[in-house]
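A single structure is presented below for examination.
First chain written, first letter: the chains are A, B, C, D and E, and each begins at residue 1.
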Amino acid sequence: MTGTPALLLTLAPIVAPIAAAAAAYLMGWRRPVAIATVAAAAIVLIAGAWSATWTADGGEVAAGNWLRIDALSGVMLIVIGAVGVVATWAGIGYLDDELATGHTDVEGARRYGVLVPLFLAAMVVAVLANNLGLLWAAVEGTTIVTAFLVGHRRSRRSVEASWKYVIICSVGIALAYLGTVLVNYAAEHAGVEGSLDWTQLVAHASELDPGVMRLAFALLVVGFGTKAGLVPLHSWLPDAHSQAPAPVSALMSGVLLPVAVYALARYRVIAVAGIDPGFVRGLLLAVGLASLLLAAGLLLAQRDYKRLLAYSSIEHMALAVVGLAIGTPLAIAATLLHIVGHGLGKAVLFCSAGEILAREGTTRIDAVRGLFARTPVLAGLFGAGLVALLGLPPFSLFVSEIGLIRAMVGAGAWWVAAVVLLLLLVVFVAISGKAAGILLGDPPSRDPGVSAPAAGSSGVVGTVATVAGLRASTVVPLVGALVAVAVLGIVDWPLGQLLHAAGQIVGTR
Amino acid sequence: MRQLLKKIRSTGRVAEPAPERAGDGDVVLRGSVQVRHVDAGSCNGCEIEIGSAFGPVYDGERYGARLVASPRHADVLLVTGPVTRNMAEPLRKAYDATPAPKRVVAVGDCARDCGVFKGGYGVEGAVGDVIPVDVVVRGCPPEPPEIIEALRGLTGR
Amino acid sequence: MSIGWALVGVLVIAGLGALGAVATGSRGRALVAGVSTAGVGVFGVLAGVSALGGEAFSKTIPQLLPLSEVTVTVDALSGLFCALIGGVAVIAGLYNIGYSDGHGSRTGQSLLPLFVAAMILVPAAGNVTTFLVLWEVMALVSLMLVLAEHRLRPSVRDAGVWYAAMTHAGLVAILLGLVLFASKAGGESFTALRDADLSTTTRSVIFVLVFVGFGSKAGMVPLHVWLPRAHPEAPSPVSALMSAAMVKLGLYGVLRVGLDLLGGGPRWWWLLVLVAGGVSALFGVLQASVAVDLKRLLGYSTTENMGLILLGVGAGGMFAADGNRTLGSLLIAAGLLHALNHAGFKTLLFLGAGSVLRATGLRDLDRLGGLVSRMPATTALFGVGALAAAALPPGNGFVSEWLLLQGLIHGLPGADAVVAVAMPLAVGVVALTAGLGVATFVKAFGTGFLARPRSEEAAGAKESPRTMRFAMLVAAAVCAGLAISPASLGPALTRVLEALPTVRDGSPLEGGVTLRLTGIAGSISPVLILAGLFVAGLLVVVLVRRGLPRRESLVWGCGGTRLDPRMEYTATSFAEPLTRVFDDVLRPEHDVDVTHHAESQYLIESVRYRQRVDDRVEAALYPPVLAAGNKLGAVLSRLQNGSVHRYLALGLGGLIVVLVVVGLTA
Amino acid sequence: MTQLLYLICGGLLLSSVMVLWRRELSAIVRLLVVQGVLLGALALVLAGRLDSVELVVVAIGVVALKAVLVPRILRRVLRDGNEARETEPLVNVTASIVAAAFLILLAYAASRPLVRLSPSAETQAVPVGLAMVLLGFFVLVTRRRALSQIVGFLLLDNGIAATAFLITGGVPGIVELAVSLDVLLVVLVLQVLTARLRTTFGGTDIDELRELHD
Amino acid sequence: MSTLGVVVQVVLLIVVAPYLVGVMRQVRARLEGRAGAGAGQPWRDLRKLFRKEPMSPAGSSWVFVAAPAVLVASTLVIAAVSPFVATVSPLDGVADLFAVVALLLLGTVALALAGLDTGTAFGGMGASREMTVAALAEPTILLAGFALSARVGSTNLSAIVERGQQSPGAVLSPATLLAAVALAVVVVAEAGRLPVDNPSTHLELTMIHEAMVLEYAGRDLALVEFASALRLTVLLGLWANLFLPWGVATTASAPALLLGVVAFVAKVAVLGAVLAAGEVFMAKLRLFRVPELLAGSFLFGVLAVSSSFFLA
């Protein structure tokens, strides 16, 4: 599809969040603005779903040279939209609590209201960009937008986290820029018209100079790998994710990291055509497996549940990158399904972890005990999210992990499959052991006054619908997300065709 | 082992010839008497004699009398000594634990009438004061043939 | 009823049951969950029986499961396991009505029918992904059921984590094996796998992987560690379902992949199975014989029985690989029969243990006792199960162990050295296992139920409600049926063996009253044994009934005035000789605490003695792994020490490495 | 012209190494100004060689941004605090210089394929850009002050810009604009964060940021 | 007609069993220089015990009452089906070596449970020890059975005995001899004789079998004693006929049965006498040396099986 409808379809998901941001800027954080933000995210989701009617069978929605939706972008749009809806919806309650407990003020809430939709918009631009330079700029933009979101609370720790976040990500993304420059160089030299247009580059991929492209791809992997939380510049991730407000963590983990992986997927298509596929696979595998090992080891040693979730994100992104490395259509489809499932699952986890933090006042794993006995609904959400993230059925991550393993073995890399499975086993043991401590058992008897944080915000809670002590506005989107992940794991229809098409775009035999 | 064999051969039978049969014995127990020995406070003189009554020389077993480990298995309680305060209850229990039909044989003067211990502060009384006695064997201590004689009166062999 | 509709019934009832249990209040919840579980079980049995009757079913649903599709295939082999699981579920469901009445948790009760449904569907899976999904659903649901009582005991949490970890490790092995299989075969439906033409090495790798995975589910040593933890901690109907039904799916997996999909294999595969089975049987029974926790004892006994079953299957596979189909089919039939028998008596035993637990709150045999007069029906029914589990006639366990022994000893003529060494040892293992098994169940029944109670809890025990007793009665009846007429299962077992191409060889057993083996000389008649015992017993009773009436008297305590129940032999003391004999294997730990009088150290106020027998395999194998994991974590967390400079240095280092690599590989 | 080009590149490299050497923060900012001017000059030279008007505009923009705007922000950061000097770096100066030599060699080795693709005077100088990137990274790794880290990042960015100029005469205009905007925004963000660091931690020694760790 | 054989055999064993015990006691008494009570004393004891009052200890249950009957019944079944006098039996489906072993074990279990049911320390101790010995004896029995059946291709006792009669030379084969030794040890252990257990001990701490039955009285005790005599007879008879199968009737004709009866009585009497004589020379082993003895016999069992394979 091209022309004006295409332009509308591509611009709507960009403009809607920007409009919401503008509204927040003008009106401050109010209920209508909050709803508008959710609506903006919903528009992204709808745009993704709608575009699927063209892209699922291999078509595309193009608006000029700059913006374009194909199946791959479509999947990413759906991820952004879906996770965005969940995070912004659950964020309403979060911000209410923050305001009620004095952790933030009206100005802080306004800033939150402006930055979150901008963050969404930047990511939408990144996945819609057909120009790799624009893609880079959008990804870099997310760093700038989220810098103040990470440091939203202005405590020592959040300032520290945001400094680390900005410095490390800026460096990483600068390296990606260098890679982009080199691609541009190779493209100009090969006489590619519109030298950073992805469609053009793919068309002429085999003519690009392999020497330059190798260097470029290596820099891009390190650079975008930074944003995706991959070794060696992964270190910002646990700090930023554990300090950011829960909905922002959800967005960063569930969407931002996959967007960076998405960028790598785009570049991979160009790289494999021109240079030795063994180099591409080897590089991605090295980065992916090293990240997986790192995540597994640090999960074992973890004492903080928000950092636990952060390392789990590294683990899943590492899996996704291993999927890219394998690169068969099945591997790509499985990777994308994995990203979808991970995004929704992680959103649930971060939001519920935020709720736990609000109640318990600590993020230490061994300080939280017997959650099921005290707040069954919250513990249920957290537990179900973990089950999903550990890759257990009926959630889609199980199917996608099997798909990934099948793809690995099918591509002859059965040793990779073995290593990945082993590391995933370590991850499983680590997370399940710690989760059991948090969730199960009889709660420690404590003074009735200490568990007051939830009660402290009752002034606000009293006015909204609650489910077992939780806001409906928190429970509904989280339950919805879990149901969605489960449905995706059982039924083929919503995404199957789209994933298949995306697999055909990125995948190589 | 060869030495033992040689000794067995050289020793031969040590049991003395059995005296004449004393009577027809008890109707129920005829031919078989299992004996539970209860020391109710004896000076152990009677015990030595009982021991030799079941030794190879007097061989009480040839008349169908056999020592057993539990009153449940016994037909006859062979009680010795004056019944001390501490042993009165156990003696009653042992009697109760013995299945009917059962007989009690009081062995020795002490068992019969407390002997020299009569009136002692720790003595409850004679055996007959605690449980019903059927046969009394006199003597301090009685000799093995007298004990055997009493038992043969029950087995009838 | 057609298999397809039966499976639909399984799903529908499970779904309705789960929803119903969620919606019902605490009063009716156990009833809803129990009835629906039993209902699911009934449909499972129906499906299984149809399949065993010769009906086959296959259906593919491409709309389900992204990246793959759902394929359901039911043949006789699947049918046997569907029926087995269904049967256990019917009993456990009925039992649950009384057991969980009023205090079953919403989650635990609503998951019960789903668990059964998942188990019934596992053997019906027809392609790799479907199988794995159902397998893992089953694992997950069972995990949640194990955790159902997490608030009551901290040990539940540990058990859950161990269970989760081990079952996931098993999944990893199975997943890798099956995926490798599917990728080499070029398709993931079982039909494609069956037709695949693979190299011997590949086949061996696949077999070893899946055997490790299924072995972990079947409780094979050294992957059994979850079993004696998880089974005791789960609510009793769940213990019964896990121990009697779920572990059997490990056997199903070995049979399905090893003998059906891979179509047999070289002899060493099956020697491996045999050895693993033998080791598990011995280790399991040894641990059971010294266990003091009733449910832990039953858990180890499951390891033992699964070991025996796999020993039979391994020996059968060996003979089949040698071309001796007569013995191959006989031994595998023996294994299958023992699987059925084990399902029967282990259900009964776990339910019995559950009744005891419910009545007294105790699993500790040392503190039980005296239940025979307080819970007469439960005691009698547990006794029936114990008799069967001890593999004594006229119990049902005897027949299958007899078959197993027959198969093992007939392999000797015409054998080569491997068989000639393996078979006597296997017979020795089976015999020692049987002997220790008898001691184990004498202990369980004798110290747990007989004599006088050793604690106030046991003294206050009340008989279980009628539904629980009825469920146990059904289980006992099933055991009795299996004991009396094993020959009637002949046709069904024959049909199962027909699904295993390298093994099938006519019907391995036949006959009515007397069970006869085909191809070799051997016959046994459980009915006659039972009749003989009955007649002889009657004769004895009639002949000696005359005489004086029975009298009750105090226990003979050598005249002692006080004889309290603490002086009774306990389970620990009962097992003491065995503990001492197998000292080197069990390595018991003794603690002696001596408390002296305050006035003088020569006067002792009390002596406290405690003996603990830990799982030595676990102690030897698992702590080093855990330590290595922690070490890895400690090393890696040094990378993450908070310093931005270190983080950036890591990045610079990475960049330099990448640049060097790019430069070098140019 | 080629000589001029090489001279400018030499100046760029030298100024990067000087950053490693100097301790005065104000001097380091001055070095950044110099580097900004040299980058502008590089763009101008290239504009001359490639006959590109667009590059002239870019050159002006570069000077405005990198020699005027950004240093101004940095000076404000410097003025707000009272930390005039870099504290003891994590790697001492001598070792830094040796490391710099190694990094420059690595840059030469790594950029061989770039040179090989189209050997010209400009591309011969590409290793300088790459070396600046690595040196900037090195500054980030070893220098403790918040300001020094910003400078490190800017050095890295300048290196990339130089590389971009040298190999293709710059990326497409809109991308260039976006990149510049991004750099500016990053510096602004970092400036705000530095201020927050100062209020929450009482200083800008980045090595003090050790609360978040495993 | 074969039913006659069964009846004859059962009656014979019932009659003979107490006499066997009497003979053994008499042999022992004579070797100890005593006169002895005569071979008929066990029957006199039994007659008296049957007339006495049975007693149940307080707190015991139906298990205690039922155990003696089960013990006797299980032994009677063995007495009925095994080829003691004749190999033709209508109960062929039961005359399996493994079934017989299992039935023996069933009796042991019944008694052990009764011992536990009394709730005394001695009962439990006896049960514990008895089960330990039984468990450890099990591998030897089955392996010896394996060795014997390997030659015949069946574990049916009649088949093994008949084969032994057809080829008398095979009795002297290494496998059979080794199996005989192994089984002899097991017979001693199962029958509760020295050096595993001392049937005439009065010291509770050394008891195994006796400790379990300490609470039995009257006709219960009679049944237990009778059963233990019958088990001894059955075990000795089985051993005799498996290794010395001469004289066992292969048809149900009267002369053959008569010969069978005579041969059986003679064999059992001789074996009993030998066993009793041997006991005079032996002391009881410490309980924890018993496993060593049984392990030794297990080794013989393994050797028997492998020699039947490697030396065949």
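As a working rule, a contact is a pair of C-beta atoms (placed from the backbone, for glycine too) under 8 Å apart; a residue touches a chain by one contact, two chains touch by 3 or more.
Every value quoted in this text rests on a predicted model; they were computed, and no experiment measured them.
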More Cb-Cb contact pairs, comparing C-E against A-D, go to C-E
Would you mind checking which chain's C-alpha centre is most distant from the centre of chain D?
B
Approximate Å spacing (C-alpha centroids) for the pair chain A, chain E:
77
So the centre of each chain is just the mean of its C-alpha atoms; given that, what is the distance between chain C and chain D in Å?
68
Between chain A and chain B, what is the separation of their C-alpha centroids in Å?
95
List the centre-to-centre spacing of chain B and chain E in whole Å, with centres computed as mean CA coordinates.
33
Going by the touch rule set out above, which residues of chain A reach two or more other chains?
163-164, 167, 171, 175, 211, 214-215, 238, 298, 301-302
On chain C, where are the residues touching two or more other chains?
548, 551, 553-554, 556-557, 637, 640, 644, 648, 651, 655, 659, 662, 666
Two-or-more-chain contact residues of chain D, please, as numbers and ranges.
110, 112-113, 137, 140, 149, 206, 209, 211-212, 214
Chain pairs satisfying touch are A-C, A-D, B-C, B-E, C-D, C-E
Per the contact definition, I'd like the list of chain D residues that touch chain C in the complex.
90, 103, 106, 109-110, 112-113, 134, 137-138, 140-142, 144, 149, 206-207, 209-214
Okay, in this complex, where on chain C does chain E touch?
289, 369-370, 372-373, 379, 390-393, 398, 402, 405-406, 409-410, 412-413, 415, 420-421, 423-425, 427-428, 430-432, 434-436, 438-439, 442-443, 445-447, 450-452, 513-515, 520-525, 528-529, 532-533, 536-537, 539-541, 544, 547-557, 563, 565, 567-570, 573-578, 580-581
In the complex with chain D, residue positions of chain C that touch it:
637, 640-645, 648-649, 651-652, 655-656, 659-660, 662-663, 666
Give every residue of chain E touching chain C within the complex, in rising order.
50-63, 65, 68-70, 72-74, 76-77, 80-81, 91-94, 96, 98-99, 102-103, 105-106, 109, 112-113, 115-121, 123-125, 127-129, 131-132, 134-143, 145-146, 149-150, 153-156, 159, 214-215, 218-219, 222-223, 287-288, 291, 298, 301-302, 305-306, 308-310
Can you check the complex and tell me which residues of chain E touch chain B?
29-38, 41, 44-45, 47-49, 51-55, 201-204, 207, 210, 214-218, 221, 280-281
